[in-house]
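Right after this note come the structures.
Two complexes come next, and they have one chain in common, chain A, joined by chain B in the first and chain C in the second.
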Partner chain A sequence: MIKLIGQRAIASIFSLLVLMVLVFFLSRLTGDPAVLFLPIDATEQMKEEFRRLHGLDRPVLEQFWFYLQDLAYLDFGESLRKARPALEVVLEAYAWTLPLALITMALVMVAAIVLGSLAAFKTGGFFDRLVSIISLIGASAPDFWIAIVAIVIFSIGLGWLPTSGVGTPVHWILPVAVLFIRPFGLVVQVVRGSMLAALQAPYVKTARAKGVKNLPLIFVHTLRNGMLPVITVMGDQAAALLNGAVIVETIFGFPGIGKLMIDSILQRDFNVVLAAIMVTALAIFIMNVLIDIAYGLLDPRIRY
Partner chain B sequence: MSEALLTVKNLSVDFHTARGTVHAVRNVSWSVSRGETLAILGESGSGKSVSANAIMNLLDSPPAEIVSGEILYDGKDLLKISQEEHRALNGKKIAMIFQDPLGHLNPVYSVGWQIVEMMTAHGRPHDLAHKRALELIARVGIPEPEKAMRKYPHQFSGGQRQRLMIAMALMLKPDILIADEPTTALDVTIQAEVLALLKELQAETDMALVLISHDLGVVAEIADRIVVMNEGEIVESGTVREVYHEAKHPYTRKLIAAAPGKGEIKIPNRSSPILLSVEKLSKSYHSFHALRDASFTVARAQSLAIVGESGSGKSTLARTLLRLETADSGHVYWKGKDLLTMSARELLGVRREIQMVFQDPTQSLNPRMSVYELIAEGWDIHKLMPARQERRARVIELLEQVGLIAEHIDRYPHQFSGGQRQRIAIARALALEPELIICDEAVSALDVSIQAQVIALLDSLRQRLGISFIFIAHDLGVVRDFADTVIVMKAGEIVEMGPTAQIFEAPREPYTKKLLASNLDPDPDVQAKRRAMGIYA
Partner chain C sequence: MPATITQAPTTASETKGPNLISMLWRDKFAFVSVIILLLILVSALIGPALLGDAATQQNLRGRNFPPFSFERGWLFYLGGDALGRSMLARLIVAAQSTIAIAAGTVAAAMVVGTILGLIAGYMGKVVSQVIMRLADVIMSFPSLLIAVVVLYVLGPSIPNMILVLAITRVPIYLRTARAEVLEVRERMFVQAAIVMGATHSRIIVKHILPVIAPTILTIATLDFAFVMLAESSLSFLGIGVQPPDITWGLMVSQGRPYLSSAWWLAFWPGLMIVIAALSLNLLSNWLRVALDPTQRWRLEARRTKSV
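Right, the complex of A and B next:
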């Protein structure tokens, strides 16, 4: 198990490096930040000055070399926009995205597992059909549309919830609810399918022959076996949220990593973009390790 | 006979499937008393498991529908009681064990947890359950019970898993134990041990045992009474001796006649030329010696059987000599040329001359190819054989040779029965006009009567076409009927080799003797005699 994680870590460091090289050079292909940061009527001299100040006048390879040197000290450079260390700006945004992602995924996990398992237990019944319809709608409705409609109904129409911003727990309700819908729809389907297969397994027959009650039959005997494919899909969905939900964060004015990223890209704030990508990549790597550990905990055949 | 403990009366169950209603069992009646063993004997699809599943409330409806009948236990009709009443009886009063203990134990929980749950599910305190589990695990012969409790199913051998299943079933001292093909997946020596254990435990607890089996030998060994089922109906019932010696129904007689191991023993023809000569062939995986210094020869039209228990290296031997696995050392001479060192081009030619037939025709036949495509495919690979316009005629000829008919040519594998599918696999092998066919457990998955037919087919091919066979099997009865020479393998080594008559009638090695003793004879008297001689001791 530890060996497995070690192997993963080495492979991940390699992919992080490749990713960094790609992003560094590709972002510089998009053009010159001086054009965007300085006023339209800025003189060529002012632009020259701006580039020298930020080291953008050097050859690209030299810039890359300096960048690598700084990176060795975990220095991702300065944000052009905010004139603060890029890493600080990124971590600040991440402090908003991480809880948003965690709360959403926790809710998705609980709701999807309970509803999906019960639907699988009574396939074809009313409850199963209801869950299928809800999940299908959830998995296929575009989140920006749901976000806007939710604002219209709950914020403007009923006036129950704030339209945007952060500050009080109430501000979190709409972003979490909107982000919840898609992964929920998808994961419910996976749980249902996986549980359906697991319920056909011979060991379930054994449990029934033992006189095990229905609830432990589903949630103890079957669920742990049915969870393995579910974890994989949940990981994919969580990765999407850890990347920052660009659209939902923008609509609700939520100061997360997705919003920061899109703003920085539009402004060619290279250092922030790079730092944000490295931090999200690291987060996703950690999550994958956690998934591997979860696999091992759920299935002893992987451990022994 | 004492009063019946459990009585099944006029039970009829239908299965509603997409292809219409199937009458799984019709008017089935049987009963079992305390301390008695009743065997339900039947081939696949005979409905032998249906009544047991109805007793345990394990039939899923839909598709199953109980049309009529009653199941009387303890003054109640089990078909009328509530789900909760059923749950309370299951495991506590009536317990069940199954064919495949690996699949029937939950892979993600320790066996201790699963065995203890048998009692906690019925409201008994955990510490009491733990204590009883330890006792029973020791009783069924698992070493280091404390440690075994913490292990997971995949960490045990097949025989140990079945012992653990038995321990679990006996936790609450049930009145009735239903055993559904409990030894079918086990090696013969392990089978004998598990059956002996079941008998001992039955004697200790005086429970009723309902044994569901397709194997006449197992039934003869353990049962007091038999009911024989065919196509959902009971065709015969009586004591083991009555059924074996005085069967009234033609089906029962056919079944008994088909039991392997009764025919004349073949004598190897020493004058025919040697086709294949294997010399000191070895293969290991890391430090595990799967095959050590195997040497033997196969002559034209010879039928050589390789017997041994799982893990003895039978299949490794076949795969290594065909170069499907790389040998560590040794030589395999095919008509004088070393197969292990020849060029890829030459090897392709040999691959045509040596064909394989596998155990499970359901898996070895591509479900998306028609019979014609399956049989003719090899001709494209080897770029020879009949011209395109003659192919259909040749395929039909091959089908007729293996006992199928011309109309079958455009059908797909799922439209055939297991025995027919194996015939298709044999026709596919014959299409390339091989000189040697390696059958890897080719008849093990088939019902006894079908088995006998396939064996007869292979033998006629051997005689008519002069094809040689390497016949890998664990069923000694089948081997005795088919082979003229036998190789006995154990732990990667050949322990004994000789003409079939010598191996079966005058075995030298203790392992061969043990193997033969474990092989259950369908004749209950033969079995009783063997027991009296203490052969199992």
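Right, the complex of A and C next:
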């Protein structure tokens, strides 16, 4: 187990380093933050001072070296936009995105397992059709469009839900619902496929012969064996949820990591972009390790 | 099956043609999808030449003209946009950039990914490891975020978009191609070709590529829909296609400020994306069955019964 986590850690650190170097040097090419942050009538001297203050007057390689040195102390530098430590800004945004992602994934998991299992149990039945329709929509409809249509219907037309913001629990309904569709469509297909296979197993026949009722047969006997591929896909989807978060958070004015990334990139707040990338990579890494542990718990035959 | 056998004496291309079309006819969803996709393709090809003027002609008296009325001619049946331009004409013209970006991306990612996958699967361990680790780097991070960062640096333009999106899609083809090659390489006919002294390039091109091509094509169809969605997301965020070029994604974004007064500005282009992506998904489902020799009977079976 430890060895596996170690291997994963090395692979992730390698990916992260490549990404970091890429983003660091590319972002330095986007233009001069001094021009963007100072007033339009700022003198050349003021710009010089701004650059010196933020270390932007040094050669890029030197800047990178200093950045790495600070990084060793977990210092991600300061956010130009907010004049606060970049890490703090990123973690604050994660405090919004994490619950959003967790709620969405929990709903996806429950709904996908229930509907997917029922669909597999009665192929061609009502649930089966429902599942295939929703997963087709999930694979075909752009999430920003779903979000907009939902706003038009539920906020503007019916006036039930707020258009944006995060004040009350009601504000969470639309973002969660929009984020839900794509991962649900994919996961439910995997549940259905893997349950179809699992239901063919001889032990299911035995259980049925012994008189086990349908529901316990599906959710107690078969489900555990059908779960392994589902967990893998859930992991991929949780990481991909960040893609959706960029869109959904922008549309609904949700102060999470997706919106922070876009805003920071547009305003050349390099330190925040880099910190956000690294924290995200760490989050994905932790999730992958948790998935490996879940594998071992679900299937005792898997040993690390 | 008998039907295919009776046709066997004719040349390969002749047997394949009618076969595929009648197999397509068996699956009505796939058939409709192909027709829709052809329509979109035609509008992408000749739309701008035909309706380019109508799509750019502004008429401020027709601002946000409501849809479903022939009062201002059929071009305004889907309404007018914020500058009084015909929505229908703009939708048709926007098909070109939308399709061009998606097609360019899928083609580039497919060619590069498949070649790298063939190399990684066929060559030794070191080359394979290097290629796979590079794929891991790309896969390790949400693709939209990478695209946002890189596009912002390079500047949003259509070639840059194709480049960035293609890079994020390469690993899909690479992994599939490699996995297939690893399996095909061990088959008897490849072994036989090696024994007969065929060169590496001949084995890859003549023996391995034809076997893995159907899988790659199926994935490409599915990927086309995915890339279209990704492009529209980027354009929606404002770092994709820039006006005066238009794609459906950009049209949604342009219509967003008018949501409460003119819903059709954002609704129609989004619906076009849904229709196109849905058709591609259905076609891909059909391709998966039609191109797999062990599954193809599902589409042929009914015909044999009627013969």
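Here, the second predicted complex is superposed on the first by the 292 of 304 C-alpha atoms of A that agree within 3 Å, B and C clash if a C-alpha of one lies under 4 Å from a C-alpha of the other, contacts with A are read in each partner's own complex, and residues count from 1 in each chain.
Criterion: a contact is a pair of C-beta atoms (placed from the backbone, for glycine too) under 8 Å apart; a residue touches a chain by one contact, two chains touch by 3 or more.
Everything numeric in this text was worked out from a predicted model, so none of it was measured.
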First, second, both or neither for A:A207, with chain B first and chain C second: first
Contacts of A:F144 with chain B and chain C, given as first, second, both or neither: second
Partner chain(s) touched by A:R224 [first = chain B, second = chain C, both, neither]: first
Touching partner for A:I293 - first (chain B), second (chain C), both, neither: neither
Chain B versus chain C as contact partner of A:L282, first or second or both or neither: neither
Of chain B and chain C, the chain that contacts the larger number of chain A residues: C
Partner chain(s) touched by A:V170 [first = chain B, second = chain C, both, neither]: neither
Touched partner set for A:A239, first chain B, second chain C, both or neither: second
Partner chain in contact with A:V110 - chain B first, chain C second, else both or neither: neither
Chain A partner contacts - residues on chain C that touch it in the complex: 133, 136-137, 140-145, 148-150, 152-153, 225, 229, 232-233, 236-237, 249, 252-253, 256, 259-260, 263, 266-267, 270-271, 273-274, 277-278, 280-282
Contact footprint of chain C on chain A as seen in their complex: 11-12, 14-16, 18-19, 23, 26-27, 29-30, 136-137, 139-145, 148-149, 151-152, 156, 239-240, 242-243, 246-247, 250, 261-262, 265-266, 273, 277, 280-281, 284
Of all residues in chain B, those that touch chain A in their complex: 56-58, 87-92, 95-96, 98, 100, 103-110, 117-118, 121-122, 152, 154-155, 165, 168
Complex contacts: residues of chain A adjacent to chain B: 201-203, 205-213, 216, 221, 224-225, 298-301, 304
